[in-house]
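Structures incoming, each one as structure tokens.
Look at the two complexes coming up: chain A is in both, with chain B in one and chain C in the other.
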Partner chain A sequence: MGIDKVKKISYPILLALLLVLPHFVAEGWISIIIEMFVLAIAATAANLMAGYSGMVSFGVAGFYGAGAYITALLITKAGVPFEISFFAGPVGTAILSLPFGWFCVRRSAVYFSMLSLAFAQLMHLIVFTWYSFTGGDNGIVGIPMPALLGSTFSYYYFALAVMIVCLALMWILINSPFGKAIQALRDNPERAGFVGIDVRKYQLAIFVVGNFFLAAAGSLFCGFNQNVFAEYMHWVKTFDITAVYLLGGIFSFLGPTVGAAIYIFLNKIIIRYTEYWPITLGATIVLITLFMPDGVVGFISKKISGKGRESK
Partner chain B sequence: MQLILGQIIAGLSLGMIFFLISVGLSIVFGTLKVLNIAHASFYMLGAYLCYTVTHLVYKSQNMFWIALILAPVGVAIFGGIIELLVIRPMYKREFLYQLILTFGLIYIIADIVKLIWGVQFYQVDIPPQLQGTVQFLGTKLSYYHLFMIALGPIVLALIWVLLHKTKLGRIIRAVTYSRDMSSALGINVSLIYTVVFMFASWLAGLGGTLMAPMASVFLGMDGTVTIECFIIIVIGGLGSTGGAFLGAILFGLANSIGIIFLPKIAIALSFIAMAVVLIIRPWGLLGKPE
Partner chain C sequence: MIFEVRNLMKSFGGISAVHEVNFNLKEGEISSIIGPNGAGKTTLFNLITGKLKPDHGEVFFKGIEISQIKPHQLCNKKIGRSFQITNVFPKFTAYENIQVAILSTRNRCKNPFRRSESMFKEDTILILESLGMLNKKDIQAGYLAHGDQKLLDIGVALAGQPELLFLDEPTAGMSPQETRATTELVKKLAEERNLTVLLIEHDMNVVFSISQIIRVMHQGKLIAEGTPEEIRGNDHVQRVYLGDRV
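== the complex of A and B ==
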């Protein structure tokens, strides 16, 4: 049974499962699954840049947090209702990432990562010190939500819908001619350039798109928790997101989503029994990097179909 | 005036500590082509080892000098083990994997430290020989600060002599220039990599040992210097020893003087400087363009 057949059968089952889940599990678990949705969007978005385009952004937390802050600030400072603020988060972040991205894509590999980190840290610093506007290290709490999304139960369906839409959009993008070009760019930028692809423009585009969806995840999380803190932008968050897509597998589209599920699950289980979550995470990451570079999904994929690395 | 002089001295001495940490990071990147994000963890380990050694014999303050010798060596040995076990398989891998692996190391080392030493803050006293202050131009300057300011250039000179006047240094420079060619000429590149990594760990451990009397020894002290070291080596030039020195001095001074005049944006200055360097001259002030 090939992997495609497995997928065709399991996806609808999974979707049905997710749709009825809240009726069967405790509220605590629903919250956890919402976190998985958020992380799945964020990791998939970050992987658009890393796995599909070969651009390892070290500033993912910055743009993730930017989405959250834009949404939070619009609601609390300008009274804009969540319905609009939620969309303003990603849109605003995408616009914000344009100038940053313009500079970032002009540098390759290490320098790109460092520069994206520098920009993210700057954003974190601004948010952290601008106490009067952003609440500094106290963040913004008690953000009012529309009554319709007031309960965990209802927010679950909202988050599920958002995740499906975001993943679908990213999937369409990565399978479009643009998406193919981006992957060609990752594998051989020189050759892609010779074929006529404007390398910088494409890289900037994927940078903006990736950060757009990262911000969507941030706004989604902000809406759920009804708060936002400077930690959303800290580089530790970047590591978490990066660990997730690496764990899941950077060469498959749903890899990051699987990684998100595993990560959150592992996290919640481990911290129940021990305070030594960091070493667990670190050791897992080290082992994955050494022995399963294609991530969990890549590993299983290879076992089932016997193929090598492939980008989907 | 007095305040500024005091701040300059404090800034310079802090800069020296940053130099000791950053130069190792820079050398490892230049020679091994690996950006060891966990480098600051070695710094933290050095501080903790310093605490342990100075408290072995019942709090004898002369133990600091013994710690100065033993702690960095301990860190170097630990670094060697890490290199052999974990870093070595990663040389042929892509940048992303190296990055994420060293990031994972941060968490592992931090929890190992927590397991061994617990969560409390520790204090290490300044050795009696270096306690006290001296009057200069109306300001009280701490002997310990002056000691560190003197030590910095000495270590820089030591590294320079090692790299340029010894056979080992020549071999290291050859491997830095071209791994494959050196290997073809019969140099044991893997061994050199391990040696260089251990040397860098030694330097970071030395930085931690020297820092211990100045501030507390605590979990999370690695996070206080990680980003700063990146900024320094980017500004100075990835792979450049002199660049790390220059970058560290500038950083230390900018921070301590900036706090006086422009407190709000003093911290942001470093990031802005890093971004500017990456944009207009990514190989840094003293680095070489690829």
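== the complex of A and C ==
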């Protein structure tokens, strides 16, 4: 059976399962699955940069957190309803990442990564120390939510819808001419320039778009948790997200989503038996990168199709 | 005169790689630059295609100064180039390689919503056909044989509908058959598309069979310019470069 056929059958089944799932599982599990949705958006967005454009941003947490903080601050400081501040998170972050991106795309490879990390840590530092505005290390707690989204049950459906919309938009993007252009400059930036692609402009564009979706994940999590903390922006969070897309596979669109499911699942299971979750995660990542360099999804799709399928 | 190089100079750490080079290209003409290793050919190429900035001198395309502009702007001015070391998009199929170049040069890459798969299908197929690579269109470029990658590289350059095409050693590493086929292809393409072609080439058979004008570089300087017959008969060239090879 070809991989396309597998996909055609499995997507509707998966969607139907996700739609009925909350009726059958305990609330604790619903929360866990919402976390998966959030992480799936964040990791897919990060992979827009890492996997599709070859720009490994180490600042992903900064922009994830920026989305969460913009939403939280608008609700608590300005009284803007969640319905609006939820959208303001990603939009505001996209605007914020323009000047940062302008500097970052002037450098490539590890220098790009370190610059993006520096900017994210800068944002973290500001949020962490500005007690009067951001609450510093106390964060912002008890963010009021509209009644309709007040329960875990209803928020599950909101999060599912947001995830589907975000993933669909990103999927359309990477299959568009714009998506082709960013993949071309990942493979060969020099050649991309000589076929007329303004390399830096496209890198900046995908940096902004990636951070937009990262912030959408952050804002979604802010609404779910109803609290935000400075650690959302910390580099440790960046490495969580990085681990997720590496785990799932950077050359397949749904790799990061599958990675998110595995990551959260492992986390919740393992943490019941041992407090050494980071060690387990570390060992898992070592094993994956050694034996499944294309991630779990890359590995499986190669097994199914019997040959390599790249960058689809 | 479609292209003009005036007094071009570039040195690296005090060593002059390109020194006071002047030449013109006539529209529709195929010409070559030859010279021993280290003569400065590739540096000259990189200077006139914007990859390196000259220390001194100017490059004009249709009367417009282009030595300071970026590669993507050069492409938009209808100047294409291929590379000495093959330079395709290895993860794209042959088809996608040509297609992305067409999308980009027709200014469609800004579109983030439309599905790209079938865009410019006919134009893409047409180029693959003229390269004789239609049967390899679904193979990932990284897996193509070396000769096919070199051809594809030329195809990618052609996708921008260039008026001026720079080819950096288009037959390097090719088998004798592939070399002959590529030489014929370049001739045919130049004729069909009224292309002006400038190539750097090591293979003397290619150079002398394809070029209307040959320029010889030695130690960063242009030491001779003329038809293949004139270059063959030039004593200076014989001494510094051709030696016993012609």
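The criterion applied here is as follows: the second predicted complex is superposed on the first by the 311 of 312 C-alpha atoms of A that agree within 3 Å, B and C clash if a C-alpha of one lies under 4 Å from a C-alpha of the other, contacts with A are read in each partner's own complex, and residues count from 1 in each chain.
Following the convention adopted for this analysis, contacts are C-beta pairs under 8 Å (C-beta built on N, C-alpha and C of every residue); 3 or more make two chains touch, one makes a residue touch a chain.
For clarity, every value in this text was computed on a predicted model and none was experimentally measured.
**Q** In the overlay, answer first, second, both or neither for which of chain B and chain C A:Ser151 touches.
**A** In the superposition, A:Ser151 contacts neither chain B nor chain C.
**Q** On chain A, which partner's contacts cover more residues, chain B's or chain C's?
**A** Of chain B and chain C, B contacts more residues of chain A.
**Q** Just to be sure I read the superposition right, which of the two partners does A:Asn138 touch: chain B = first, chain C = second, or both, or neither?
**A** Neither chain B nor chain C is touched by A:Asn138.
**Q** Regarding the shared-chain residue A:Leu173, is it in contact with chain B (first), chain C (second), both, or neither?
**A** second
**Q** Applying the document's definition of touch, where does A:Ser10 land relative to chain B and chain C: first, second, both, or neither?
**A** In the superposition, A:Ser10 touches no partner, neither chain B nor chain C.
**Q** Where does A:Ala118 make contact in the superposed view: on chain B (first), on chain C (second), on both, or on neither?
**A** After superposition on chain A, A:Ala118 lies in contact with chain B alone.
**Q** Which parts of chain A are touched by chain B and by chain C alike?
**A** none
**Q** For chain C, which residues are in contact with chain A within the complex?
**A** Listed in rising order, the residues are 49, 51, 70-72, 74-76, 80-81, 83, 87-92, 96, 99-101, 103-105, 107-117, 119, 140, 156-157, 159-160.
**Q** Mind pulling up the chain A residues that touch chain B in the complex?
**A** Residues of chain A touching chain B: 50, 56, 103, 106-107, 109-111, 113-115, 117-119, 121-122, 125-126, 129, 235, 239, 242-243, 246, 250, 276, 278-279, 281-286, 289-290, 293.
**Q** Which stretch or stretches of chain A touch chain C in the complex?
**A** For chain A paired with chain C, touching residues are 172-173, 175-181, 183-184, 187-188, 190-199, 202, 209, 310-311.
**Q** Write out the stretch or stretches of chain B touching chain A in their complex.
**A** 35, 86, 89-90, 93, 95-97, 99-101, 103-108, 110-112, 114-115, 227, 230-231, 234, 238, 264, 267-268, 271-272, 274-275, 278-279, 282
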